[in-house]
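Note that the chains take the letters A, B, C, D and E in the order they are written out, and that residue 1 is the start of every chain.
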Amino acid sequence: METFNFLDKIIGESILSAVLSALLPLIFLIVYALIAILGELKISAWIQERLGPMRTGPYGILQPIAEVVKLLQKEDIVPTNANRLLFNLAPFVMFTGAFAGFAVIPFSPAFAPAHINLGLYYIFAVGAFAVIGIVMGGWASNNKYSLLGAMRSASQMISYEIPGALVVLTAAVLANSLDLQEISLAQSGPFWNWFLFGGPGPWTKIWVIPFTLLLSLIFMITSLAETNRTPFDIPEGESELVGGYHTEYSGMKFAMFFFAEYANMFIVASVLTIVFLGGWNSPFGEFMSGYFWGVFWFTSKAMFIVFLQIWLRWTLPRVRVDQLMFLGWKVLLPFALVCFIVLSLYRILY
Amino acid sequence: MIDYFKSVWAWFHTILIGMKITFTHLFSKKVTIQYPNERYPIPHNAKNRLQLYPDLCNGCMQCARVCPVQCIDVETIRVVPTDPDKPVMGDGTQRKLWVSVYDIDFAKCCFCGLCTTVCPTEAIKHTTDFEYSSYTREGLIYHFSAMSSEQVEQKKKLFEEWSAKEKAAKAGKVAEPSSVEKGEN
Amino acid sequence: MTTRKFIDIDFSRIESDRMRLNVGPQHPSTHGVLRLEVELDGEVVTDVIPHIGYLHRCFEKIAENVTYPQVIPYVDRMDYVSSMNNELPYVMAVEKLMGIKVPDKVEYIRVIMSELNRIANHQIAIATFGLDAGAFTPFLYLFRDREYILWIFEKASGARLLFNYFWIGGLANDVYPTFKEDVLNIVKQVRKTNQEIERLLIYNKIFIDRTANVGILPADVAINYACSGPVLRGSGVQFDLRKNEPYSIYDRFDFEIPVGKGEVGTVGDSWDRNIVRMREIEQSCRIIEQAVEQMPNEGDVQQAIPKKVRPPKGEIYFRCENPKGELGFYIISDGKDKPYRVKARAPSFVNLSVLPEISRGYLFADLIVILGSIDIVLGEVDR
Amino acid sequence: MEITEIYNKLKDKFGDSVKDLIISPPSDAFIAIASDKLFDICLELRDNPEFDFDYLMCISAVDFSENLEVVYHIYSMNKKHKVILKVSVPKENPVVPSIERIWRSADWHEREAYDLLGVVFEGHHNLIRILLPYDWEGHPLRKDYKEPETYHGMKVPY
Amino acid sequence: MGLLDRLDNPYEAGGIILGTIEDVLNWGRSRSDWYLHFGLACCAIEFMAMNASHFDFMRFGIIPRATPRQADFIMITGTVTLKMAERIKVLWEQMAEPKYCISVGSCANCGGPYWQYGYHVLKGVDRIIPVHVYVPGCPPRPEAMEEGMMKLQKLIDQQAIFRKRQRLAEEEALKEK
């Protein structure tokens, strides 16, 4: 299966196709965010033996739309002592970072908005935008809680980039590429060819499966920390820091933060999908595979990871700052290093 | 070193246990009572809004006195023998007092239920109604008296006339002492 | 985990700016309207000054202005999560002053109700403690069970939270016919949820790491600060008024006093205070089961209620084991139908005063956990 | 230890500062003491192993029209006995020595008594209002207290 | 609300389109109310019970926020003391328009049981901030609070966004009250 942008094929390589390629993920992002918000509300409710939103549309399915309609109408407050420019800019920076990540995600063998061969590297680079947005917002708000939240967030994200990068590096070593489409292609075939199960190879590869499983687990934890999700939501930990970095934000600017959080969730989920779950590959080899099936498999795998994130959020208590650092530096990093060495050896030997 | 691995294992293990529990709850039966459509059966003795049955109230004011928050406002007018109505209570006995004002301020009420226990005629009762929130505070003051303002005016006038007459009679008490006793009822 | 090492750094040697952070009076985890003035060094708490009084509702002044039975609704509103337990010392103090002996059935119902309310209170305490640590789901599981207990209260007394059920000399009304079965069902349900909460929250490693070795309160400090209830017992002091100074009919039941043993950390840490509450729920279940078994079916619950509550001249201090600790009422009577002075010795008020002592040197996130582990109710702190 | 025994022992040690022992059931028995020796008596009660009073249950102040009384309920965790001390001070000059250094729990109790009844505890390290706002006027639990008309522009009476 | 002011219809009746838009906007605001929970006393416990599984306040699309900036309405649940009153005013001012207030329970409505001798209790939160719905009870049942919430939704549904004159009149009436 070769990789190309189907828009280029239909309307030719032009500005129009580039714009359309940029618009498609935006539409996808909005639809996804609405679904994810509803999903979060509903799943949290079901876990807690509740029903969740029930009175907005049938079974509350219009809830996120109502929220958007409401947030659009809210007054936009800038605190008197805030740094106006940074305060206004922060949500856009954050959202831009999240949206830019979508540029390289291969939704299907026939579609990645921008196909660049350093995709993995790019995602990590753009992902760092979120830190800047949070620190900007937290500092500019001129609120002690926001500032504390921003500082926590900065230290947290910086420490967790390292194990995260190591994991991704390992995957790049396994796939022999930094190109996301290439990585997906490298795992084509039935599900035991995914890097989660050691990648393609003879049955003797079975001994590396524990390492790849561990690696994906490490990436899962890291991704939770990078998106500020429970149990690592200390930058916004409601019981301590009220709202953390977005304490002072209202209306649409808060909605941007909100959207960006969900967008980031999807990005890390899709990275995990691409790197370990075979991206758009069908789990059954050739069966049910193709351009459109690719979109289906990709989104369903990514959504499953998002579901996992939501599920974890409503199960676990929050960790403390020092424990977070401990986990990042003294647990995840050594384990990731061990996996990296072992898998690199495996790659060299076979 | 062993402790380190044990600790890491404990993190992993206990998280899995927690996830298992929440996952089973994901599909368990939901306990939510969807309020406007479904209702939890409120027991008959629940202490919610008070209700006065005016034809049972004899105006003894015990409820107003026992109320810890003084949220009950009662005013009475004596029924005079010259009254043409000859009012009777709910249980058929002769009424001695008109209850002209019986206001309960539910913004003050603490729903302790003391008023219902002291009432000799069971005129004041807690109902199971709790849906009476209001857009204004005045909307929470309930006027339970069954008398219209004209009626109140009329009865007041009757009482004044009568008491003036009584006073006059009292002045002439030396001459005719028995008239006062007659007026009592 | 090596959390202790992190906080054992001698911060006085590091020169850094201190930040004064105002937590509350409206903050998600101050359990109401407590205001804490926190001095932070980075994220390390160097000093805490609690400011209370945001819910000062003048209970003592009002009690001087209303009659003895009318005080009971106000007593309810002091510690509003365990109203039955609040009423008990008050009515027993007045009864003692008047020399009233209440019938056996009343005593049993009072004990059952108090213990049920103790369970409800501890469920809130554990739930909010978990919430402070960031776990939302156990909160709702515990509240679900509490709802069933409230339904029993509602069926018996007519109210869900503030009952006015214990009267001086008796009860407001008798319990309903299926009371015993309902109570036994609740006990079963509470035990089941308790096990689940233990697995989901209490023994979760993240939770242990958050709460163990945090806010250590040594036994001698606890006694000097006159802490009581789970806060004192969490420090390993075996002191429970129900056992040590049995009032009502608590000497007829067989139960234990759970104390903190430092299972996962040091004796007297936040986890210990919490586990004491968990274990106390179990002990309360035991008491309830025994009480239901022994409770007489016949008897008039209003038989000993005096027509006029007018205690003789005198004064009395009566204390009971509230879920939060020792709740004492100091009542001075001058022979009229209104008390001359009612002073409430509120357990939360005293327990809260130990907060600055045990929270210095921990992280800001720990401060929230320590505060949660003390389990205060501001209605009682401020009265 | 019974309260009479405690009374006798204190009487031996402190003489006239310990005034009377008043027993009138069903009221609790209490020992009336003079305010000047309160600190020493409390120290003796805590540190003498015979008494071993380590648990201060409650401090309550009461307004008796011309006097203010401060009542101390003290308990011993080990010996399981209790004692009640009463100090009476004139309303014009209600000064009582602070025992906050003996039992730390007295800290907030004393602040509360100061706040609500205006008893001044001498030697308290931080005797400020605790329940009411810091700029509140008057001591509300005194029998002759009149509530203010306004506070910071808000009407107080109903 | 700059955009909405510009859309303001000079004609009293308002067009069909504007009416429909208004309906949609009102629908959004009433169906997705985020609240700032101002838990003060006993009612706050019942409020927590309402958030719990049995009553599930989130069915109405209501999400708790800890910060006033993101809240649409404030629920005053409990006794407002004089020491606290100024904080409430500050919080109310910090909230973003459009904002509403529900006063829950006797104490918040008018001082409740403390109206007579409570020297330190504010006799009704409506003395410092405007209140849109009063929910009686001491404490109200969770269902009663939900009913109060539905009353508020009804109020929002009928609000005039575009008809400025009518809106000003409404605000004026509220102030007078």
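As a convention for this text, contacts are C-beta pairs under 8 Å (C-beta built on N, C-alpha and C of every residue); 3 or more make two chains touch, one makes a residue touch a chain.
All values derive from a computational prediction rather than experimental measurement.
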- line: Per-chain C-alpha mean nearest global C-alpha mean belongs to chain C
- prompt: Taking each chain's centre as the mean of its CA atoms, which one is farthest from the centre of chain D?
  reply: A
- prompt: Based on the averaged CA atom positions, which chain is farthest from chain C?
  reply: A
Statement: chain D and chain E have mean C-alpha positions lying a whole-number Å distance apart equal to 45
- prompt: Approximately how many whole Å separate the CA-defined centres of chain A and chain E?
  reply: 36
Field: Whole-Å separation of chain centres (CA-atom averages), chain A against chain D
entry: 62
Task: Please report how many Å separate the Cα centroid of chain B from that of chain E, as a whole number.
output: 27
- prompt: What are the residues of chain D that contact at least two other chains?
  reply: 131-133, 140, 145
- prompt: What are the residue numbers in chain A that touch two or more other chains?
  reply: 47-51, 54, 238, 242, 314-316
Message: Two or more other chains touching the same residue: where does that happen in chain C?
response: 1, 27-28, 53, 56, 58, 61, 73-74, 77, 137, 140-141, 144, 162, 200-201, 204, 206
- prompt: According to the definition of touch, which chains form touching pairs?
  reply: A-B, A-C, A-E, B-C, B-E, C-D, C-E, D-E
Query: Hey, which residues of chain A end up touching chain C in the complex?
result: 44, 47-50, 144-145, 148, 152, 230-231, 233-234, 237-240, 242, 314-323, 326
Message: For the complex, give me every residue of chain D touching chain C.
response: 24, 26-28, 54-58, 60, 62-63, 71, 73, 77, 80, 84, 103-105, 107-109, 112, 116, 129-133, 140-141, 145
Query: chain B touches which residues of chain E in the complex?
result: 53-56, 59, 106, 109-113, 115-116, 124, 126, 131-138, 140-141, 143-144, 146-148, 150-151, 155, 177
Task: Enumerate the contact residues on chain C facing chain A in the complex.
output: 1-3, 6-7, 19, 21, 27-29, 43, 130-137, 140-141, 144, 200-201, 204, 206-207, 209-210, 363-366, 368
Task: Could you pull out which chain B residues touch chain A in their complex?
output: 8, 11, 15, 18-19, 21-23, 25-32, 34
